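There are two complexes below, and they share subunit A, which is joined by subunit B in the first and by subunit C in the second.
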Partner chain A sequence: MLVEILIAACLVISGIFGLVGSFGLIKLPDPMMRLHAPTKATTLGVGGALIASMLYFYFVVGQFSFHELMITLFLFLTAPITGHFVAKTHLHLTCKPGDLPPTATDRPWASYESDAERARIEAAAEGETAG
Partner chain B sequence: MIGYALTFALACFGLALLLNIYRVVRAPTKGDRILALDTMVINAIALLALFGILEGTTMYFEASMIIAMTGFISTVSYTRFLLRGDIIE
Partner chain C sequence: MLRKILPHPFLTLLLIVVWQMLVNKVTVGNIVLGAILGLIIPLVTAPYWPNRPKLRSLPRIVEYIFIALWDICVANVQVAYVILFKSNANTHPAWISIPLELRSPEAITVLAGTITMTPGTVSSDVAADGRSLLVHCLDAPDPDSVRDGIKARYETRLKEIFE
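Here is the complex of A and B:
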């Protein structure tokens, strides 16, 4: 009985968070804010569904399955990479380097630094430590 | 009780998929479209996991694993293409 309540709670939480994530993708006004909403769907939505299915197959069906853990691990590993790439794409497609806040060093934002500029600055820094 | 919760979760993820399709069709920026496609993949994985509970079989987990990998690769290649104009440099 307790297990049933736990599984049902996991399922309901996962459904609500999946819906909230996708609704936030529609509702939030700024592209960078919209980046934030689907991460909830990834962590709590899919995580809740997979935990529920793990509990169900262990306690109700009676067989232990570890595939869910693999899927969760894979999603947790790839979600930050995806978020980083989408944010970078948004930044490069819509913002100019002058629009961004200053970095408080003499170097620009790393994403906007050209290869030649980076090589020059790094060579200068190496020369300083050697001299 | 699990049956009702399962129906509720399936309905929620189905609605979430519909919202994602709306966002893919009417996206303000290209980043939103990529993000919506990525969220669609995640919702599809959750839907498959729930369908596995409904059917009482673990067969669908391999399918959701493959969908997760394909979704990740396609998101990264789409963003790489927009950033560099080239996927494998």
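Here is the complex of A and C:
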């Protein structure tokens, strides 16, 4: 009984956060802000459903299932990478270096350094260590 | 010699454990198969992992994981509040630049991943020399405090773990 309430609570929490994340996709005005919505959905939204599934299999079916832990692990590995790809694409398409804060070092953000410039700097650094 | 057969002992161990969890049943056969995978995969992928990251202490890693999970829960509620109850005119998105003291690429990757998984902040780019990180905040009226918070909460801990 208590376990069922707990499972139901987890499912409701996961549903609410999934819904809020999707609503954020509609409501927020620019692409970088919309990017924040999916990071939410993958953390508490999916996390709640996975905890509910683990509780169900352990207490109701009576076997321990590791698959939910694996899903969490793989999500935590892949979600930042997709987020990073989308952010970088956005930078390349719409942002100019002037829109961003300075790097505080003498080289620009990696998206804005040309391959030729990078090759030149790296060759120079290698020459220094070799010489 | 041992280094030739086991270029990444942690990776081998992780692969064996992950394989047990994927098949969801611990038997001798599964452990042997997991061990074979754990031996072959690090050998085949060794060229892509030139350095072996040094990990200092296990309790610190566990502490870091729990702090990150807790922060994810708190930040989820904060971002839900921003989405549901704040008007777009009242939300202040901001780019912030975080100067890094971390030098090891693995540590910077973990930091960037943590920042992205915490709702409200997304790490977007790194300086060409890897000495600062570009982060986008959904709602940051005071960007400097966000930067100091990330440095104090995550970077110092990662520095203890990796360096």
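List of remarks:
One rule holds for everything that comes next: the second predicted complex is superposed on the first by the 119 of 131 C-alpha atoms of A that agree within 3 Å, B and C clash if a C-alpha of one lies under 4 Å from a C-alpha of the other, contacts with A are read in each partner's own complex, and residues count from 1 in each chain.
Keep this in mind: contacts are C-beta pairs under 8 Å (C-beta built on N, C-alpha and C of every residue); 3 or more make two chains touch, one makes a residue touch a chain.
These numbers were taken from a predicted model, which means no experiment stands behind them.
In the overlay built on the shared chain, the residue A:65 is in contact with subunit B and with subunit C.
Contact with subunit C, but none with subunit B, is seen for A:100 once the two complexes are overlaid on the shared chain.
Applying the stated contact rule after C-alpha superposition, one finds that A:8 touches subunit B and leaves subunit C untouched. When both complexes are overlaid on chain A, the residue A:23 reaches subunit B and subunit C alike. In the superposed pair of complexes, A:108 makes contact with subunit C only, with no contact to subunit B.
Judged by the touch definition given at the top, the superposed model places A:53 against subunit B, while subunit C stays out of reach.
Common to the subunit B and subunit C interfaces on subunit A are residues 16, 21, 23, 35, 42, 65, 67, 70, 87-88, 90.
Of all residues in subunit B, those touching subunit A in their complex are 1-2, 4-6, 8-13, 15-17, 19-20, 22-23, 28-32, 34-36, 38-39, 42-43, 45-46, 49-50, 52-53, 56, 58, 61-62, 64-65, 68-69, 72, 75-76, 79-80, 82-83.
Those residues of subunit A whose C-beta lies close enough to touch subunit B in the complex are 4-5, 7-9, 11-12, 14-16, 18-19, 21-23, 25-26, 31, 34-35, 38, 41-42, 45-46, 49-50, 52-53, 56-57, 60-61, 63, 65, 67-68, 70-71, 74-75, 78, 81-82, 85-90, 92-94. Within the complex, the subunit A residues that touch subunit C are 16-17, 20-21, 23-24, 27-30, 32-33, 35-37, 39-40, 42-44, 65-67, 69-70, 73, 76-77, 79-80, 83-84, 87-88, 90-91, 99-111, 113, 118, 121.
On the subunit C side of its complex with subunit A, the touching residues are 18, 20-22, 24, 72-73, 76, 79-80, 83-84, 88, 91, 93, 95-97, 99, 112-113, 116-129, 131-132, 134, 136, 138.
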